[in-house]
Amino acid sequence: MGREGEVVSQLIAGFEKEHPGIKVEVQQIPWSAAHEKLLTAYVGDATPDIAMLGNTWVPEFAAIDALEPLDALAAKSVNAPRADFFPGIWNTNVVDGVTYGIPWYVDTQVIFYRSDLLAAAGYKQMPTTWADWRAAMLKIKSKMSARQYPLLIPTTEWRPPVILGLQAGSPLLKDNGQYGAFHDPPFRKGFDFYVSLYHDGLAPTLSASEISNIYQEFEHGNIAMYISGPWQIGEFTNRLPKSLQDKWMTASLPGIDGPGAALAGGASLSLFRRSTHKAEAWQLMEYLSRPEVQLKFYTLTGDLPARRESWKDTALANNRYARAFRDQLDRVVPTPQVPEWEQIATKVFEHGEEAVRGRKTVDRTLMELDNDVNGILEKRRFLLSQKKTAAKVATR
Amino acid sequence: MDSARQRQRIEQVLLYTLLIIGACLAMLPMVWMVSASLMPSGQASTYPPHFFPTTVTFAHYTDLFTRLDLGRNLLNSAFVSFVVTFASLFINSLAGYAFAKLRFRGRDRLFRALSTGLVLPVQVAMLPLFLLLKNLGLINTYWGVIIPGLSSIFGIFLVRQYALAIPDEMLDAARVDGASEFRIFWSIVVPGIMPILATLSIWTFLATWNDFMWPLIVLSDSSHYTLPVALANLSGEHVQDTELMMAGSVLTVIPVMLVFLFLQRYYIQGVMAGSVKG
Amino acid sequence: MTMRSSSLRIPAEANTAAWFFLAPALLLIGVFFFLPVAASLLLSVTDFDIYGIANAGNTRFVGLQNYVKLLHTPDFWKALKNTFYFAFVGGPLTIAVSLCAALLLNSKLVRFKGFFRTIYFTPFVTTLVAVAIVWRYLYHTRYGLFNYGLSKLGIAPIDWLGDPHWAMPAIILMAVWKSFGYNMLIFIAGLQSVPEELYDAAEIDGAGAFRRFFSITLPMLAPTLVFISVITMIGYFQLFAEPYVMTQGGPLRSTTSVVLLMYEEGFRWWRMGYAAAIAFVLFIVILIATLLQFRLQKGERA
């Protein structure tokens, strides 16, 4: 999908040279369509051998039994050894203890910030604890005028409250993903902090669609910090004026008492169960996982490699903006491995907005969120209980 | 007499003023749309806002066709709209004429049953229709968009209404002469109902071009998107590129505006005629 | 219909020809419209979802459970409320504006009628998505033209699309602008069908402009008014593209319409059984509105 689809054929050429008997056909689909198209392909019995899946989709496709388990293959592999991948990222591909995808590139969140504004507030580096972070933002705010804010976190994004909840130790869902844990103390702690950012005037109460141009706001100093992903490195470099290029930097996220966790995102390569060329497909997956191939991929797309080995290369090691990502990748956590996660994530920010805008108390908000989530997970509970009874019957 | 004339004058001035203000309000968004599409990047997001560009640039239009491949979507829209318009014209007029002038058992009952469909909102059909098309392998194809639009109860209604006015004697005479029903339809009826066919074809073209929800659901691959869907898709990713989005909007709106402006007589006639029956 | 048809012998050829003429249309409409509508009812009593897409065996027959769930979902009531707000405020507003425009254009004192008529009708033919995007920028809090205009009048800027109280009014305003031209045309036709003599007689009797409007024009337009009201309402109940493009149903779900909710549940989350129930409720609402129209029209004729 996306740029990756355009570029992968260049990588494939190398593979075909090494394996003259194998021909690889590449189909490109835009991100927006891929999810639906792959699902449709599955139902229509027309799946490819391998597909690149957004790693939050892996649980969904595993749930419908579309993917081939990869643990055995990975254990024997020289080129795709589990140990060299960022554990948090690898785990996003593990459902019920079984691995269904090999990480291809990674994605996580860091803070993009105006280093000059942070320095003017007396901080040479981004703080690493919530308390210090808050203090720094208050300091920055004191030097700002009325419609300027230290931090931009759009109210219609689910990642910030989820990240803060994870940092506070919340599992988000409990009982093997059957019930919501949003009303429990850990998530509540993170959520209280999240809401306070808005209520203390540190972040504007704006939805994603209301911010027409984040780069302009950043340039004019209307925003000092913004949480986002690796592709923004390129955007900020291209869209900010030259005069500003030495005045912004990235930093990993602060946590409660020290550097905090972020979400393990990215894409994986998965093998479809119905493939009739599994051995060859696996060889391709291994090839694409080689450190040098991963690096080439990075130079072509700007996507960050999933293998730690690749990061040792100078191109990446010297990219000063990528350093924060490298650091953050050691502390990434996956989202719950349930197919319903996308809808649950939407509910998180929908309810979250009510609390942020002061329309409901935090307590009521989280209670209603849990209610909604429990409703969404009802089918999952039913199917799991069916599996249990079937297993019981089978073991008699 | 003079004061009456004076009163009329004042009334006239008042009326014209209101009409002109109204016209300005009606056109304001469209004018700004075109204007902003010609502004250099970033100029549309300034304070105080610019109404006219300081320098005119066509860069965004070039962008649409080169970087964003909207030309493809333009062709998609054109293809779908033309096929639906002409095919449905044929299919609907055949049926409309049949209901008006061909005598067969159960005709009126069938027509009444068909008319009940007019109260059914099309959204109710969408979910199962999607599943049906999925089983037929038509998801993400042009035909998935075209086929559901090939016949419409409203079109049949319209043609029938108009065809009722054709004198039966003329048709019977042709039958006596040995002409086949289709020959009668093609040589006598069609020329006779040209006005309504013109109206219906413009209506259908506009409606199909502007259609959003169903193409959004059926098409999942941007190279197949019709223009409205492509535009909506773009607006998600490029929310910050105001001028670019305006150029996209202009591109989407111009074809239908042109069709309307050149053929408005038929369109407006159709709207007004359809209403008099009340 | 004339009596002739029943007394005339139906030639066999005409009979078969008729079915050939009708076959394409009936087949298409039957298979791609009526059949899905019926299937929708069936779908709404199951819990067909993504698990069901993977394996049909995962689908349960749930009777009216989807409907019960709907009635207990605040989101659904919100969507219903929003849709009614849009229809019952936007509808009359649109009709009022189109009536005013029609009255203006119908005046004998006005020339260039065709020109103005075209200008007023143009918004109606434009693509909704395109204009929604334009209006989204016009509504921008800082850089939009509307707030700029307000500031010239000394009014503080309004957060049109970000304030839950203003988002639906913003969408209503845009809908009025876009749709008034269509109703205007119908009103013009209606106004033109009012006999001149009635106005002349009233003028001789000394009735002023307002009196003439309320005693002659409105009553004569009554059937047209009813017709327009109902088709406008029915159209407005199907609100979808505006919130989808401009606000994604926000802020705080204040612009989520019933159709948007159905789209989200059915095509984003793949809870198709549940979404079918929502669609069916929409159908009931529109059916009631249409039946009301027939009632009112019958009342008028009496």
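Here are some notes:
Read from first to last, the chains carry the letters A, B and C; within each, the first residue is number 1.
Just so we're on the same page, a contact is a pair of C-beta atoms (placed from the backbone, for glycine too) under 8 Å apart; a residue touches a chain by one contact, two chains touch by 3 or more.
Here the structure is a predicted model, which is why all the values come from computation and not from measurement.
Distances between chain centres, each the mean of the C-alpha atoms, put A farthest from chain C. More contacting C-beta pairs link the chains of A-C than the other of the two pairs A-C and A-B. One simple way to say how far apart two chains are is to compare their mean CA positions; for chain B and chain C this gives 16 Å. Measuring from the averaged C-alpha position of chain A to that of chain C gives a distance of 41 Å. Remark: chain A and chain B have CA centroids separated by 42 Å (rounded to whole angstrom). Contact with two or more other chains is made by residues 45, 242 of chain B. In chain A, the residues that touch at least two other chains are 43, 209, 212.
For chain C, residues that reach two or more other chains under the stated contact definition are 136-137, 140, 143.
The part of chain A that touches chain B in the complex is made up of residues 29-30, 32-33, 36-37, 40, 43-44, 209, 211-216. Residues of chain B touching chain A in their complex: 42, 45, 134, 137, 139-140, 220-222, 233, 239-240, 242. The part of chain C that touches chain B in the complex is made up of residues 1, 4-5, 8, 10-11, 13-15, 17-22, 24-26, 28-29, 31-37, 39-40, 42-43, 101, 104-105, 107, 109-110, 116-123, 125-131, 133-138, 140, 142-145, 148, 177, 181-182, 185-186, 188-190, 193, 223-224, 227, 234, 237-238, 240-241, 244-245, 259, 262-263, 266-267, 272, 275-276, 279-280, 282-283, 286-287, 290. Against chain A, the residues of chain C that register as touching in their complex are 47, 49-51, 53-55, 58, 60, 69, 74, 136-137, 140-141, 143, 159, 161-162, 164, 246-248, 250-253, 268-269. Taken in their complex, chain A has these residues touching chain C: 39, 42-43, 60, 63-66, 155-156, 206-207, 209-210, 212, 339, 342-343, 350, 353-354, 357, 359, 368, 375, 379, 382-383.
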